[in-house]
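Each structure below appears as structure tokens.
Next come two complexes, and both contain subunit A; in the first it sits with subunit B, in the second with subunit C.
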Partner chain A sequence: MTTDTLKSAAPAREGLSLRVLMQNSGIGLALLALIIFFSVTTEHFLTPNNITNILTQITINLVLAVGMTFVILIGGIDLSVGSVMAFAAVVAGKAITMPGFGDAEAIALAIFAATMTGVLCGLFNGIASAFWSLPSFIITLGMLNIARGGALQISGAQTIYSFPFAFEEFGSAMVYGVPVVFLVALLFVLIAWFILNFTVFGRLLYGIGNNEEAVRLAGHPVFWYKVAAFTICGLTAGVAAVVYMARLNISSPIAGIGFELNAIAAVIIGGTSLSGGRGSVIGTLLGAIIIGVLANGLILYGLSDFMRQMITGVVIIVAVILDYYRARFASK
Partner chain B sequence: MTSSPLPAAPSMAAHPEQAFLQADGVKKHFGGVKALDGVSFSLKQGEVHALVGENGAGKSTLIKILSGVFPYDAGTIQFDGAPYCPASPHDAKASGVQVVHQEFNLLDHLSIAENISIEKMPKTRFGLLDRKEMNARARKALDAIGLTDVDVRSPVNSLGIAHRQLVEIARALQSDSRILILDEPTATLTERETRRLFEIVAAIKARGVTVVFVSHHLDEVFAICDRVTVFRNGQSIVTENISETSPEGVVRRMVGRELETSDPAEEERSALGAMALSLDNLQTRQNPKDKGVSLDLHYGEIVGIAGLVGAGRTELLRAIFGIDPARSGTLLRDGQPVHFSGPRDAIASGIGFVTEDRKDEGLILDMPIAANASLASMKAVSRSGILNFAAERELARTGGERLKLKYGRLADAVSSLSGGNQQKVVLAKWLARNPKVLLLDEPTRGVDVGAKAEIYAILKALAREGVALLVVSSEMPELMTLADRILVLAEHEIQGELARPDFSEENILKLAYGQNQTAGEQ
Partner chain C sequence: MKFSKLAAAAATSLVLLAGTAQAADKPVVGLIMKSLANEFFQNMMKGAEAHQQKRGDYELVAVGMQNETDFESQINAVENFITQGVDAIVVAPADSRAMVRPLKKAMEAGIVVVNFDVALDEDAKKQQGVELAFVGPDNRGGAKLAGDALAKKLGEGAKVVIVEGNPGADNATQRRLGFEDSVAEYKLNLLDSRTAHWETEEANSVFSTMLTAHPDIQGVMAANDSMAIGVVKALESAGRKDIQVVGFDNIPAVVPMIKDGRMLATVDQFGTDMAANAIDMALGVVAGGKPLEGWVKTPIELVTAD
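Up next, the complex of A and B:
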């Protein structure tokens, strides 16, 4: 009675794929509706310049949100990514402005410094919350302050600037009107998608988010998987710092305030469940685009920045309410 | 120490007016499950009345009905001549029915006094908390049960378990209790504490309060109770005067007349293989005593572990599997001493563990059948960390075929399956690893009769193939069907071993209730 139905179970993700598709199609439709709405009702929305604009603006949030997806999938949260990004940017800013290096060496050193700073902060978040089974909310709240304080201390609360010209060039480079930094972010989405869908590690992250105990009893080192998820999130904060520096050509210790909330919003709007175990990084991509499109479109509409913020807030709440119904529907 | 029982109780039928609380034909269904299927019993003022029966016989359901947790579906309950149908626990308390639950309901961080007054805090004229009055009330309540040496202002979490139990009793008694229900009050108490409790019960009884005493320990029942009502399969079987019955008689009533014995000639078992697993004085962390468990398990053998809830059965399996590593003692695997610091080590040495609670520990409910079946075999369905979905489907498909799993698609979430099929997925998960030793905790809980028989057949086939199986179950017929021998566990100790010809529910229960032990010690 079963063999004939087996063929239809072809999609690689074994059902998660189908559900993820259904979830994402809802978000995709919402995004499409938004785009059509703004295209029709505003003059400048669907112009190459504006699209480039949107892509540039969402890049940092997208990079942060990719890492955040890993953490939220295992039922955690990382409130520190905005501060860690600033911390990493300041450390990298110090590195890149060190005298005695050629441009290429300085840039390489800066990228290494930023990503390592992010990785170490993430590693700490992961170990502290997994080892003592503490809520990651609290641990990363602590890290939020540690990293922000660290950034201010190291920089002496001064903005660091005058980076090599090549770095600035990278930040503003375009390929057919698409910012290169956005393509970097997209590459991270792709890698994350592959990890979450096609590797044992990704599968078990979903498993941990759903039922940690079952995964542990099946003999898997749950502790290290959780640490890895937080470390990936830290890594993306470091990468976001590089993008930030390349785009703005400065390292400010007060950069990225509130970025963690935007990243979480992108993940949640993208259909990933805050309680873990359910969601996808493709959803996160769409979530980040929705936030960017909404912000851009509302500005074109002539709404104030304050109104825009209010509307983004409403969208987040609507997204989690929809998620509530989706979860109820799925459990039936 | 038994307080003098009431004058020999005349039969209830002859003097119904003496009944203080009278239940007739009480029924309660949960969905399709009959929790109570006609319970009749009565309580007299100032008696200590025991409720006994196997796990799931209906005692707890009855207590919950009496204490207003949920209503009953059919039947009548008369309390003091009026129909009794409490709509809420608050209602029940207002009528003077108090329960001291098995699991504690105290607020750990609050003081004893606050806990005792939690239901009705005394207030001053200004509507503020009247601490003085509250402490005075608590003092009175504790004095009433002889806890004169405890400061009512100290927080509950500074107390030992026994004292917490007594505080619960004090709380229950401070209002005008007419019926006090004690649900397994001695489960966590030492012998000395138990004696103290019994003295308190005797004193309560002398005040004219009726005490309902639920216990798995028949010696306690016979020590302090006046009458006993036996439950079986949701029905009240009989109420007897303690003075007119014996522990053996009560056990026989609990099991029922149609004693289910397995057919010894049913099938010849294959010869035993080498020693697969050997426990020497293994002490679980939860075991309060100095003596651990020793047992041998051979390849090709099914050993059953019987015992009441709380006997330490699940804890034993968890210790073997390395989830909660044992406190002391040795574990031999194929004759070699091993130390498992986690499930990973146990799995690596060829052990599988079908856990008791498939929703919490066995399955990832929202994930596909295939993903669940492969959960413990990730290496087999991946190469350098990358999943091979075809291999995974194949693994799940062959596992499903072997276990006669009924499903729509392998991509469906496990939560879409029936209980029996969910359990088969848990089995499939472990069988995919070809375990040499399989630990099973309640392997057919919540599984329908048909799937049960299929699971039994699978387990027996595994044993024939040479797998060593250790099965914990609360269902005695299940153990008698499956096992080559049954070890009975009580209070973290093996009370005895039954060979196949000696299998009977009566023998198991005798050991589980420690009847044999006392006989043996004398």
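Up next, the complex of A and C:
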């Protein structure tokens, strides 16, 4: 116990130092290998259109995974993000289709409704798990059901549709072949990277993941830091809902089933430790790209759906095993 | 004041008593559906409730499930209905094999059982020695209607892909087979066939990748409308207006798409009426009518812009 408390609570800042590069180089190399493999074996993989497609396809998962990184860094987990995304999308869908608003007002209202729904769900997750020191696994499992039930209740299990045209345009807008929604996701990655590396709050999240007691003894309000991590995760679920709506122009109450698992996979493949305290959001970005490249490349390669699922599973397990060796190597 | 309240309460309870006494004479129908999170079954339940209001000569107890694969709760529902002594059970089985045994128990208890929406497995029925009719649409035939519409529009040899429902689900399999029947009949060139698990977002992702692999696709057959919407969005972002899309279910969200030509056709199997029709048939048997036999096909209709 004494050695634990003596252990440095907040590890050295990572930034874009050589160390981060080394830590992420394994994932980077794996990604590079995948890209080379698919470029050589398939005709269409390395074409501008397909790259645009991949970026569009990973956007939702990337947004969710950025929030998930915060929660996993403090040693928690959020199983509710897929359901919260659907809940936020349905609430926003109801808002955007309310009569009596102009397009601009309706869109603003929808974005506000989606993000607020996400924030409130995340706030609840954070307060409930931190106040009673309960495993976030259980609390967010509860929220998974609350949010899914809420989405179905509010929508009457019907798909909500016919949104303003401008909203749809935002969903399919491109800047030099890069989807605008992906740029939004990238912006979230950058903000998260800044928070985690250059703010006291961010550094202490790593500290909480490593040694919560030490951070508490140092006089920091651990409770609120944990609540904030979950709230950020909820916020990203709300943002993912906006992206979903803009991209597909519908709100479906059964959207996002299993998305939490993809988001967790992106974080873990990106080298963030499931026990908290170690990892980076840049790794999460690479992890999300790997998952997207695999999903896309394996279809182009002509592999069956079932083989695709098996390979994705193998990649997750290999990533965790690699993480085990990396952790052992780092502790020596 | 107090007295009048009391009197009102007494009168109410008398009415309630009379109500239950009357209800005891009415036959009770237990309706078991699949996931009520599914728009299709949600509408079906509303249709059944409206039907009960309209007919008024039977009691309806409706139950659904948490999700499409939670068939244990359907088995529990059958057992509860046997205990409650309902007159008829009208069931859309989530698993065409697992439900045979509990339904056999219900029939042995003298309950009229009507199987609708998804047919019970023939082999499992034979094995258990159960004779049970099926009331429902021909998913395979319906899919072929949509597939044929696509084939007629595109002509022989056209290059098409299929977006499938959940692997293993009976209606997903039937619809895929129906699409494949059209492919065979019109000698279409089937480039690829993949699942998107009935879901819009996944269909959007999976189809845009299929389109990258096969830029020469001319037609898409989606096993439900939710996935067809995802396909249409993918075509819009790719700027392709030359590709025809057909779906299945005729949900409200695709009505404008059919109208403006973004979708060529969909199939309506009148899900709202489906449970209500099955209930009518069950009540007919309860009232002493002839037991149902074989496959009582319910209507399906191709929906196009004209």
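By our rule, the second predicted complex is superposed on the first by the 314 of 332 C-alpha atoms of A that agree within 3 Å, B and C clash if a C-alpha of one lies under 4 Å from a C-alpha of the other, contacts with A are read in each partner's own complex, and residues count from 1 in each chain.
Please note the rule applied: contacts are C-beta pairs under 8 Å (C-beta built on N, C-alpha and C of every residue); 3 or more make two chains touch, one makes a residue touch a chain.
Every value quoted in this text rests on a predicted model; they were computed, and no experiment measured them.
When both complexes are overlaid on chain A, the residue A:Gln57 reaches subunit C alone and has no touch with subunit B.
In the superposed pair of complexes, A:Pro253 makes contact with subunit C only, with no contact to subunit B.
When the two complexes are overlaid on their common chain A, residue A:Leu187 makes contact with neither subunit B nor subunit C. Shared-chain residue A:Gln158: touches subunit C; no touch with subunit B. Applying the stated contact rule after C-alpha superposition, one finds that A:Ala166 touches neither subunit B nor subunit C.
By the touch criterion defined above, A:Gly277 lies against subunit B but remains apart from subunit C after alignment on the C-alpha atoms of chain A. Once the two complexes are laid over each other on the shared chain, residue contacts for A:Ile321 go to neither subunit B nor subunit C. Those residues of subunit C that touch subunit A in the shared complex are 36-39, 42, 167, 192, 194-195, 199-201, 204-206, 208-210, 212-213, 215, 226, 229-230, 233, 236-238, 251-253, 256.
Interface residues of subunit A, counted against subunit C in their complex, comprise 42, 44, 47, 49-50, 53, 56-57, 60, 148, 152, 156-159, 161-162, 172, 244, 247-250, 252-257, 295-296, 299-300, 302, 305-306. Of all the residues in subunit B, the ones that touch subunit A in their complex are 321, 323, 342-344, 346-348, 353, 355, 360-368, 370-371, 375-376, 378, 382, 385-387, 389, 392-393, 397, 400, 405-413, 415, 429. Note for the complex: subunit A touches subunit B at residues 1-2, 5-6, 8-9, 11-12, 14-18, 198-201, 203-204, 206-207, 210-211, 213-221, 277-278, 330-331.
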